[in-house]
Amino acid sequence: MGTIERRGIMERLDNGEVVIGDGGFVFALEKRGYVKAGPWTPEAVVEHPEAVRQLHREFLRAGSDVMQAFTFYASDDKLSNRGNTASQKYGCTNINAAACRVAREVAQEGGALFLGGVCQTPTYLSGASKEDTKEIFRGQMGAFKDEGVDFILCEYFEHVEEAEWAIEVGLETGLPVACSMCIGPQGDMHGNSAGDCAIRMARAGAKIVGVNCHYDPFVSLEAIKLMKEALERENLKAYLMCQPLAYMTPDAGKQGFIDLPEFPFALESRICNRWDMHRYAREAYDLGVRFIGGCCGFEPYHIRAVAEELAAERGRFPAGSEKHVVWGGGLKMHTKPWVRARANREYWENLNPASGRPYSSAMSKPDNWGVTRGNEMLVQHAHETTTEEEDLVRGIKGKLKMACCQHHQETKKEADLVAAAQAVTETA
Amino acid sequence: MGTIERRGIMERLDNGEVVIGDGGFVFALEKRGYVKAGPWTPEAVVEHPEAVRQLHREFLRAGSDVMQAFTFYASDDKLSNRGNTASQKYGCTNINAAACRVAREVAQEGGALFLGGVCQTPTYLSGASKEDTKEIFRGQMGAFKDEGVDFILCEYFEHVEEAEWAIEVGLETGLPVACSMCIGPQGDMHGNSAGDCAIRMARAGAKIVGVNCHYDPFVSLEAIKLMKEALERENLKAYLMCQPLAYMTPDAGKQGFIDLPEFPFALESRICNRWDMHRYAREAYDLGVRFIGGCCGFEPYHIRAVAEELAAERGRFPAGSEKHVVWGGGLKMHTKPWVRARANREYWENLNPASGRPYSSAMSKPDNWGVTRGNEMLVQHAHETTTEEEDLVRGIKGKLKMACCQHHQETKKEADLVAAAQAVTETA
Amino acid sequence: MGTIERRGIMERLDNGEVVIGDGGFVFALEKRGYVKAGPWTPEAVVEHPEAVRQLHREFLRAGSDVMQAFTFYASDDKLSNRGNTASQKYGCTNINAAACRVAREVAQEGGALFLGGVCQTPTYLSGASKEDTKEIFRGQMGAFKDEGVDFILCEYFEHVEEAEWAIEVGLETGLPVACSMCIGPQGDMHGNSAGDCAIRMARAGAKIVGVNCHYDPFVSLEAIKLMKEALERENLKAYLMCQPLAYMTPDAGKQGFIDLPEFPFALESRICNRWDMHRYAREAYDLGVRFIGGCCGFEPYHIRAVAEELAAERGRFPAGSEKHVVWGGGLKMHTKPWVRARANREYWENLNPASGRPYSSAMSKPDNWGVTRGNEMLVQHAHETTTEEEDLVRGIKGKLKMACCQHHQETKKEADLVAAAQAVTETA
Amino acid sequence: MGTIERRGIMERLDNGEVVIGDGGFVFALEKRGYVKAGPWTPEAVVEHPEAVRQLHREFLRAGSDVMQAFTFYASDDKLSNRGNTASQKYGCTNINAAACRVAREVAQEGGALFLGGVCQTPTYLSGASKEDTKEIFRGQMGAFKDEGVDFILCEYFEHVEEAEWAIEVGLETGLPVACSMCIGPQGDMHGNSAGDCAIRMARAGAKIVGVNCHYDPFVSLEAIKLMKEALERENLKAYLMCQPLAYMTPDAGKQGFIDLPEFPFALESRICNRWDMHRYAREAYDLGVRFIGGCCGFEPYHIRAVAEELAAERGRFPAGSEKHVVWGGGLKMHTKPWVRARANREYWENLNPASGRPYSSAMSKPDNWGVTRGNEMLVQHAHETTTEEEDLVRGIKGKLKMACCQHHQETKKEADLVAAAQAVTETA
């Protein structure tokens, strides 16, 4: 970790290097006690910067080349949505600036880059105008620019239109802009294919495009594959990035893991292990992805597995490998001889882990509402959901059941099914 | 968290309070990049105290009333076992003292107690004498005493004999001594029943007795139940403590999760969720357990779930509940209406989570070696396992297979089966 | 099949031979369209004797040494219970006599013995007197005697008291009497242990005792093991018989598969395959069981697997092996080479079959009512259940839910848990 | 069953009626002891006609409108393939004629039609010429014509080319010809799409086209859907027929259940229950399929479920419903009140059955060899596979493993994935 170098993101990629991203802050910090599931906003950067700093350090140690400031959902509209008081207490600009400072501090400890990110907004979902939506992005981007981020990431968009608008604002900073959408092989919520989304992101000016969140690594790579093919067809040059979930989601529909019944408080049995991540890193690399990271569920050890799988290509192991011998080698030091016998790649690569849950099944049926921008139920509200509203939703849920099944069968497209199949295909 | 009070552990228990323990440091810090799986020793307290401190703070915030210094396996023999250089680099005393200081610092931030712990030793397993084994414990206990711990915990013993010796050394400090064994309802590795183990721990002078590690919460409570009945039968007074795994282990045999094929790198699909911990906390409380904590796999949010379940009994919520509404209430602030519909207890309490793994089964077959103290293969070695030794183990493994199956069927006793059944019984 | 010999059942057993029973007629003929699930009575012997004859022939061909007349539930009270008109249409005696004739005819084709059986009665369950209950048995036994059966089987009793009464009536015929109960390792519905049940059956005069129905082969063998130990303890001589389900039931409670949610119309995914039956036959033989057959779910090919596993001990293969090479050898003649590669024991013995059902779990939660003789809900009625009664039952079911869980946990005894564990232990 | 009417197959279909087929003879008779797994040839029609007759009667009673003579694989080349001596013992013509006579006899008992069928041949697979292959078909068709069958079925073809040749021979008889292929949504082994296969079968002269065997009902219906769309696109008129497996196969690849590791001796846990068949019948009917039957695994009760689901459309219940009340109604006569509570549609329609197998997974990985016509390994041989050949296959299997995975991922097309998804989508 000794070398202090600050070559930019584009220099690194143009040089043929693999850039390793970090993991998921909202889920990791929710489990550590600093983020509230539901609003998922990052006021922890002001309230408990030491906790955020520690998580950055762990990812740095695990091999991350970039420190992404914890600015997820830190737009002014989200910070005041449905009972959230973070905007009022701390202010949008302060939160974004504080996040940048923590990220920068840790990045400087290890020669990493640092960046700020924006994502989908309640404003857009409520049906507001292009200019109103862009103003929301400008609220965050200004802070990024002031704090000297190395590049901008627009991520977690369900609609490519909103992604384009975010890219446009990002470009106003003069910095390189990357953009990833939370879509699978089925494409976005307006019916644009994954390939078309990639084309539009690249044409809007993003130098790096891809997907993040919503699907497991293997479903996500299917989407990336479709993006790659589309870009090549159109002779567009853009680097590919992939930052998937660390939860297995072969059964997720168009809105990804949000719709799984286990979201967000019972996903444990779906968590990928480190060997899944070795496979992910290898398949991503072979597909040509050069920005390889993670999203919700990715803990430092998952990123370390990515860095270890690609150690030969990158010419180095991450600092954290000081405490981890590849493919379970550390078990050679275990007290019990039969555990020492597991200290090899063949053992772990071929193991199908049991769940220890005899009453649980392999797959769930997602909710599959398919509701999107323009639907009344998605409009932003400052107050928390009332009981009356909850009852309404449940009633609608009942009625939609049959219709949705129908809808589901009709819209389930080949691409997401390829992804689903991939997701359950293991190398064994 | 405002009140600064330092009433001792016995005062609290005598006063009828529930004391909430913390979670598992070795597994949590392994995932964060600071502990090596295999040796599992805690030199991180010297190498990266900020990482250890942060984890203490998270447990404090989650509701832990005690900060256990990260001294697991920090005995001089273990720190130099099978290639481990920690002893040589830092020294056993330094490691134990450093761990105490970090724990004390955080404890003082929140009115918590702090303690030091010792556990099973390679010395005992190698067949050494009582006095040699006790000397190993004294190496750690001295540091605990010097650093002013509030009480001593002897934990993770597979043989009640070694536990007794540890208690004896603990009592030399003049401090209260708690003791828990890593056993299930089947009892210890020498064939002593769980009830007899409790009796012997209490008679040796432990004021608090119970189990930790090796089994999931529900199997562990079965062992505790047997202990409770035995203590009552003998009119022995001791408080009960339970600090189980956060991994589902209905299929584990006599050596617990160590023998499961997924140990230690593919346990993800077995991780308990927060609702499992609500059930655990309630069942533990109803059984009369008053020291309720966790071991490997327990993350801060698991401890918070325990504290939230017992909020009424304790008269307070933990600090971390600032970011967590009980029973999923935070989802009322979610953007999607169908996720808002999950903001209630009934939903989460009745959900059987899917694994997302169509090629995985519900249960595994444990290794079930049943090898214990005195066996050649368990003798301590300073060097790492060689390839020759590994081959030998695999060869023996093959030969033992049939014999072990036989053995397994004969020794599988009622108590661990009760536990196994409990483990898979859910409230739905 | 050529040798025509009619040595009696006791001669064969005294000679150290293994007697192979047949499979389950009610379930097999329900699927073939001749028996009604619900009443389960055998009027098919009058209505469609050719269908019953064919099934007898298949079992004979598969290796059965005894042809059990299809007289299950053919007592006069059952034939007129809850809307059943069979008694009125055909008469109890006619049904039993017709069943005997069909069985005898086929038995004579292959040197097999033939027998008549009685089982639990609505009369007993309604709380009637000993004499009234015995009169019901006499109604069937008279026909058996007249038709010249080789021996009597009293089977499928949930209460050892009723079994004793049946044995007493059986002995009045002067023929050898066998008796098996539909219990698992937990014992009968009145709280008598499996061991005590065996002792009482033997003392009542049964020469062959054991279990049938309600549990899978491996759970059933656990019950048999307890019976064997009890008989040895008391120095009682009786041969052991086992005629289990061909459905996997590791999760069944005290009333067996009746209480599983899948009973009786969705048990398919639990059906044992022929390799499970090889294991069953071997384990039964090794335990000393010498009357080895099957009950509900056992099809001819399951019995053939038993006969093939014990071919060396018996000195012969069954006639049906003309169309079956042991351990999959017939696949050597398959068109596809990769299927030919499965023509060996190792392949089949180590295969854990997938269910092809990603939404299904490994285990179910049984109903566990635990209602028994004397309960108002069990009293015999001539009319079918009315809607009002159904509603009542559902209401009670809701109320009993919590209480039953409680009850379940308290009464779940070691023996049935041993059985449960056995049931899920495979040789792989 | 009273009405004796013999309107032809085309009259019935042209009249808008639903024709219900029968189930699978080879698998049913293998379990009953009369067919050998591996060669799967139907010499039982000569050796044990009473067993074949009884199975016909059960299907008739279950609602089948057509009795298919048991002539599967009864071509002269197959009857003498890989050690089979049936051709030599009985002669191809005798077997086909005997099969027709048994089918006709039972058909006449219930106003059913009767037909003869041909299927894929070792001759074609060995790469023989068109004329040689057609001669093989003529060997069977002659017997069909002589025995007066009502129509001809060409079925179980993996290559549409061979299906066309069979249809051509069939037309020579002057009878109506139906044709179904054992393909899924992926199409045939030569890469022809399911839609193209339907077009070619219709153009070759088949009046009824569809699929049989190899996939479960829901995957099969996906293939049918593609066929229907293609026929409509080309303005071709042909009735649709579907005769799928009664085994769940969401995980099967291009060669269907043959490639699943459980084939053919461990498929039990995949068996569809009667409620699955209700859903199949409804979905088939709604898709426009008017020849609805089953193949391997379909037992009489499965066919009865089809007939009961379509009772309103057909204006009658099958004879076998005398012993079956729709949707579990017979349970109203059960002794236990909690079982009586299951006597309703809602209960069974929403039940996800457990497997009772905690060590088994939801899905398997198919072998996926993808070897087809022209490959050396598929050439016909008169002798049984030798040990040397077996070793060779295993060796090849190992080497092909990596290549096949690759192949599998590349060839896994959208259509079969749609089918796979459908297969696991249940109505609940």
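Letters A, B, C and D mark the chains as written, and numbering starts fresh at 1 in each.
One rule holds in what follows: contacts are C-beta pairs under 8 Å (C-beta built on N, C-alpha and C of every residue); 3 or more make two chains touch, one makes a residue touch a chain.
Which chain is which protein? Per UniProt: A, B, C, D = Hcy-binding domain-containing protein.
For clarity, every value in this text was computed on a predicted model and none was experimentally measured.
*Asks:* Using the touch definition from the top, how many steps at minimum link chain A to chain D?
*Replies:* Minimum number of steps from chain A to chain D: 1.
*Asks:* For chain A and chain B, which third chains touch each of them?
*Replies:* A chain counts here if it touches both chain A and chain B, which gives C, D.
*Asks:* Through what angle, to the nearest 5 degrees, does chain A rotate to match chain C on its C-alpha atoms?
*Replies:* Going from chain A to chain C via C-alpha fit gives 180 degrees.
*Asks:* With contacts counted as defined, which of the two, B-D or C-D, has more C-beta pairs across the interface?
*Replies:* Higher contact count goes to C-D.
*Asks:* So how far apart, in whole Å, are chain B and chain D when each is placed at the average of its C-alpha atoms?
*Replies:* About 56 Å, centre to centre.
*Asks:* Could you tell me the distance, in whole angstrom, between the mean C-alpha positions of chain B and chain C?
*Replies:* About 46 Å separates the centre of chain B from that of chain C.
*Asks:* Just how far, in Å, is the C-alpha centre of chain D from the one of chain C?
*Replies:* That pair's centroid distance is 33 Å.
*Asks:* Going by the touch rule set out above, which residues of chain D reach two or more other chains?
*Replies:* 251, 352, 358-365, 424, 428
*Asks:* Flag every residue of chain C that touches chain D in the complex, lowest number first.
*Replies:* 30-39, 50-51, 54, 57-58, 61-62, 81-84, 122, 125, 216, 247-251, 255, 258-275, 299-301, 304, 319-320, 323-325, 328-343, 348, 351-364, 367, 369, 371, 377-378, 384-385, 389-390, 393-394, 396-397, 423-424, 426, 428
*Asks:* Can you list the residues on chain B that touch chain C in the complex?
*Replies:* 352, 358, 361-363, 365, 405, 408-409, 412-415, 417-418, 420-422, 424-425, 427-428
*Asks:* Provide the residue numbers of chain D that touch chain B in the complex, in ascending order.
*Replies:* Residue positions touching the partner: 251, 358-365.
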